[in-house]
Structures are given as structure tokens and as C-alpha cells.
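Some notes on the structure that comes next.
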Amino acid sequence: MEKTNSRLDQMKQFIDKKTFDSPSPFSHWLKPIIKEVSYGSLKCEFTIRKDMTNPMGMLHGGVSAGIIDDIIGATIFSMDLSHPFTTINNYIDYFAPAMEGDIIEAQTSVVKLGRQIINLQCEIWLPSKKRLIARGYSNMIRIEKP
Amino acid sequence: MEKTNSRLDQMKQFIDKKTFDSPSPFSHWLKPIIKEVSYGSLKCEFTIRKDMTNPMGMLHGGVSAGIIDDIIGATIFSMDLSHPFTTINNYIDYFAPAMEGDIIEAQTSVVKLGRQIINLQCEIWLPSKKRLIARGYSNMIRIEKP
Amino acid sequence: MEKTNSRLDQMKQFIDKKTFDSPSPFSHWLKPIIKEVSYGSLKCEFTIRKDMTNPMGMLHGGVSAGIIDDIIGATIFSMDLSHPFTTINNYIDYFAPAMEGDIIEAQTSVVKLGRQIINLQCEIWLPSKKRLIARGYSNMIRIEKP
Amino acid sequence: MEKTNSRLDQMKQFIDKKTFDSPSPFSHWLKPIIKEVSYGSLKCEFTIRKDMTNPMGMLHGGVSAGIIDDIIGATIFSMDLSHPFTTINNYIDYFAPAMEGDIIEAQTSVVKLGRQIINLQCEIWLPSKKRLIARGYSNMIRIEKP
């Protein structure tokens, strides 16, 4: 039986919608389109705009990092855990470029669900070329209520 | 004797200017103000806008990552090396929050200047609180001309 | 059709053998037992000895790192590539402890096979508890012949 | 005023001694010689033995990782904090080789001392060539007493 909760149900409503009511202002800038969401996994699509590129017209590494960090955070949000979590660190390997106008997909999964630390990964793919663009990992720590 | 070159001279012209002709579209979005630049080191100031924040009104980790990646790239650019370089990976530790409206400073330095790989670090500080916000590291690899 | 080569064939001879003629002195200290090997993937078993532990009697994080680095190197070796490769960086997340006397398994896979950079991962498992102990990633760079 | 405590005093007794009563069995294998120790910083010297090398006769990356992890742990130990700490992750960049017989120095420092997380770095140097061999970073998390 798959776990569910009201946040997951809410995010499922936004699948394939061009805009949704994200509580994250930076997420609004990234303009993800939710493609799939389940407990501990989120897949979003992004169109690479000019303001997401580097001087070579490629997806800027910093925007890849932003996408990875943002949808890892959204994945935690979707799990509707009893405490908030914050990022300790992230690590990203860059593998291949994607260009302005390309549609990329980012998909998260939980590597290890600890009580205090959750480790997640996120892959960015360029589906049109079946190419892995980047893969990142984050450790998220539970924020104790004061 | 300090190394210099025409790109460094050009970047020095932009010190304290609110806008400058960056070749990086994502850099335009980040709106850095150059404070100091020398061979292998760049210090920029950023004002945290609402669209750079997460749901808690704090600087989004993905934007910190974007800043680190962007000004590490600009540092390499300013070194005017004989070949272009691209990012293999980056790693970031997050230490403390900064809020919408805060002015932060990011400063790069070269950790190891190899022939094929350059390793750089970037620290983000919140000067008003003398607080280290984040520190990141990147390996940049020389792109061989075909 | 699975790729093969004489090094792979040689390593397959050592499957389940307690000792083998590794060219790596540190590998001799780690005493891996090869369980499976194929092009780009290697699975080895290790018994945690006292000299591999920390003050709490647990597998020392530095030994986990050593195992990950060593069998990633052995995986590259087994691929019998035209050039040697050296490690640029590695990143490890630690998830759970293993104790002196425990038998652990480490398994590598190629994340991205580039021309100049190969990215690999290695997971360490404690099979008796079906527990992921640690996961690490390395970027290996091709050494150009002078 | 420099912070001190009985553990620091104890470690200072072992400066320049070839053996000391480390509580870490893996540390015994590494055979560090303490050169300097103060609150949050530890410098140790290591001689590269054959069993610490890779097939090219160089310091094995996994042993560098072991050294970094071990003396970061010893630094935390020397701080005599109210709680034990465990490693969440570590990240290492490799810069240059060192050979069997070389004497290397590893030195730690605290990057950020948080209440729940301590971030430390460790540099490995080859003093005879004034060369930075590797640099690593770890996040250590406080273990809550049950």
C-alpha cells in the first residue's frame, strides 16, 4: 500500500499544470511542471529559458543546482513529515550540457530515510537525447521544535 | 607582482557598478555587484530578492548554489586562460540562513591551479552578522580544442 | 552482448577466493573477496576486523571511504580501458553503522561513462540487516600519455 | 584566551611521540605522530608505508580519505564536547600524488561550529615539495542521548 497524505493529494492535482501555487518564490522562477509525484519521489519538467543559461547558451550549472535543491525540498514537503527539514549540504556531478529551449526532467528519490537525516538524490535528464545531464545528493536534517 | 590581463582590467571597471555587461544570462538575474577582483579571486555583493527565497523567506539553497557556481565561473573567466573550462562537480555546505532584503557577499579563491583541473572555493557571508552562510567547492576541467 | 576482456576474465577466476593477486597493496590490507564482476560493476565482500574500527567498535568511516575508493579503482581496472585513470574527487554519505565481525558488501556501478571522465558510485551494504551503510561517488579522469 | 580541557592536555603530552594510546584501532594502523593540537585544530604527520599505496606506488586515495576522516574525528574528540558526534558525509578533492616513503602532514580546522552540526576541513600536505595533496570536508552531527 502506497503512503499518501493531503499534501501529496494536493500536488497530484497540479500534474501537467503550467502554474501551481508553490510556496517557494524561487520555484515560481524555475516554473516546474509536475509530471509524477508519490511518497518520496517527484518528477518535474522544466523548459530552459535564456535567463537559465551560461555564456555558451547552455543550462547554467547554478540553475541545475537550483532545480535539484528546489525539487528535493518539494519532495520533503510532499512527504508531510511531522517536523520541517533543512539542507545540510548538497553534492552535484555534471555530465552533459542541455541548451536553451530544451525540455529537461528532474526526478528525485529517497536514498535513506533516517529519523533525523533524510538523504535524497535528484537526476536531471534530457529525454530527447536519453541523456543524463546531472545528478545530485542532499542531506536534509530535521529541525527540532524549540 | 600580481598577474593581470585585459579581462581583469575590464572587470575592475565594473567595481561597484549596479549593472555590467556579463556574458552570462543567469548572472544578469543574480545581479552581482563586483566589489573586488584579482587573479583567481572575485568578491561580489548580492541583495536577496523575494524571487531568490524559499517558503520560509530565506535565501533559497538553490540560489546560494547558483551564486557559487556563477562566480566561480566568472573567476575562471577573469583569469583569461588559454582554454575554456567546464564544471565537473560542485559541493556545498550550508551553515546559516539569510533573509529577503539581506545583502550577502560571495568570495572565490583558487584552492589548486592544475594544468588540466582547477579547484576553486566560494564562501558566502552575511557581513551584517559576520556570519558564514555557505561554502562550496568546484572542480573545473579544461576543454580540449577538437 | 556483454563486454568482456582479459582482465575481467582474470578477475572472474578469483570469485569467492580468500586471496588474490591484487596489484594494490592497500587492497591486500582490506582483503576483499570478489563476489561478482562484470563490465563496469564489481561486488566484493569484506569482514570488519578490529583494525578497521573506530573507538566505538564500529566500522571506521575512513575504512568505508577506503573500501569505496579501492573498489571503484578496481572497477576501472577491470574495464581494461586504453588509458589509466586517476581520482579527481570523492563524496560519501554515511547512513548506518556496522560492527566488528560483520560481513559487508560493496558494489560499484558506472553512473556516466564519458570519454575523459568516468563517474562511478559504490554502495556498502550490511546484508544481514538489509541495511545501506554508506554510498559514495567518484569522478575519475583519464591520464593523458605524455 | 585559548580554550583548553583535559583531553587537549592529554593529547599535547603525545606531541612528537611515535606511539600513543589512541582509542581508535584504525588510527593505530595509520600511525599518526601528533605535531600540534589546539581547540578545534590538529596537525599530524604520517609516513607512507607500502600497505598504504595503490598499484602505482602512490598514497592510495582511500588511505588519504582514511587519514582525513580519522583526524577530523580526533579533532572532535580533543574538543571534549558534551555529546558524541558522528559523521554525516565527507567530500574530498585530490590534487597531487605522494609516494611510498614520503612524509605527509594532515591538518584540521573547524569551518563552522554549530550546536547540532560541526563542519571541519582537513588538508594533507607534502611538506618536502610544499604541495597540497588533498583537501576534505566533513559534517559531524551531535548524537542525542536517548
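In this document, chain identifiers A, B, C and D correspond to the written order of the chains, with residue numbering beginning at 1 in each.
Quick note on the criterion: a residue touches a chain if its C-beta (ideal position, glycine included) is under 8 Å from a C-beta of that chain, and two chains touch if they have at least 3 such contacts.
Small disclaimer: the values here were computed from a predicted structure and weren't measured.
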item: Longest centre-to-centre distance from chain B, chain (CA-based); value: C
item: Contact-richer chain pair [B-C vs A-C]; value: A-C
item: Distance from the mean Cα position of chain D to that of chain C, given in whole angstrom; value: 23
item: Geometric centre distance via CA averages, chain C-chain B, whole Å; value: 35
item: Distance from the mean Cα position of chain C to that of chain A, given in whole angstrom; value: 30
item: Where chain C touches two or more other chains at once, by residue number; value: 88-89, 91, 93, 139
item: Chain A residues within the chain C interface of the complex; value: 91, 93, 95-96, 111-112, 114, 119, 132, 135, 137, 139
item: Residues of chain B touching chain A in the complex; value: 23-26, 28-30, 50-55, 60-63, 65-70, 73, 77, 86-94
item: Chain B-facing residues of chain C, complex; value: 88-89, 91, 116-117, 139, 141, 144
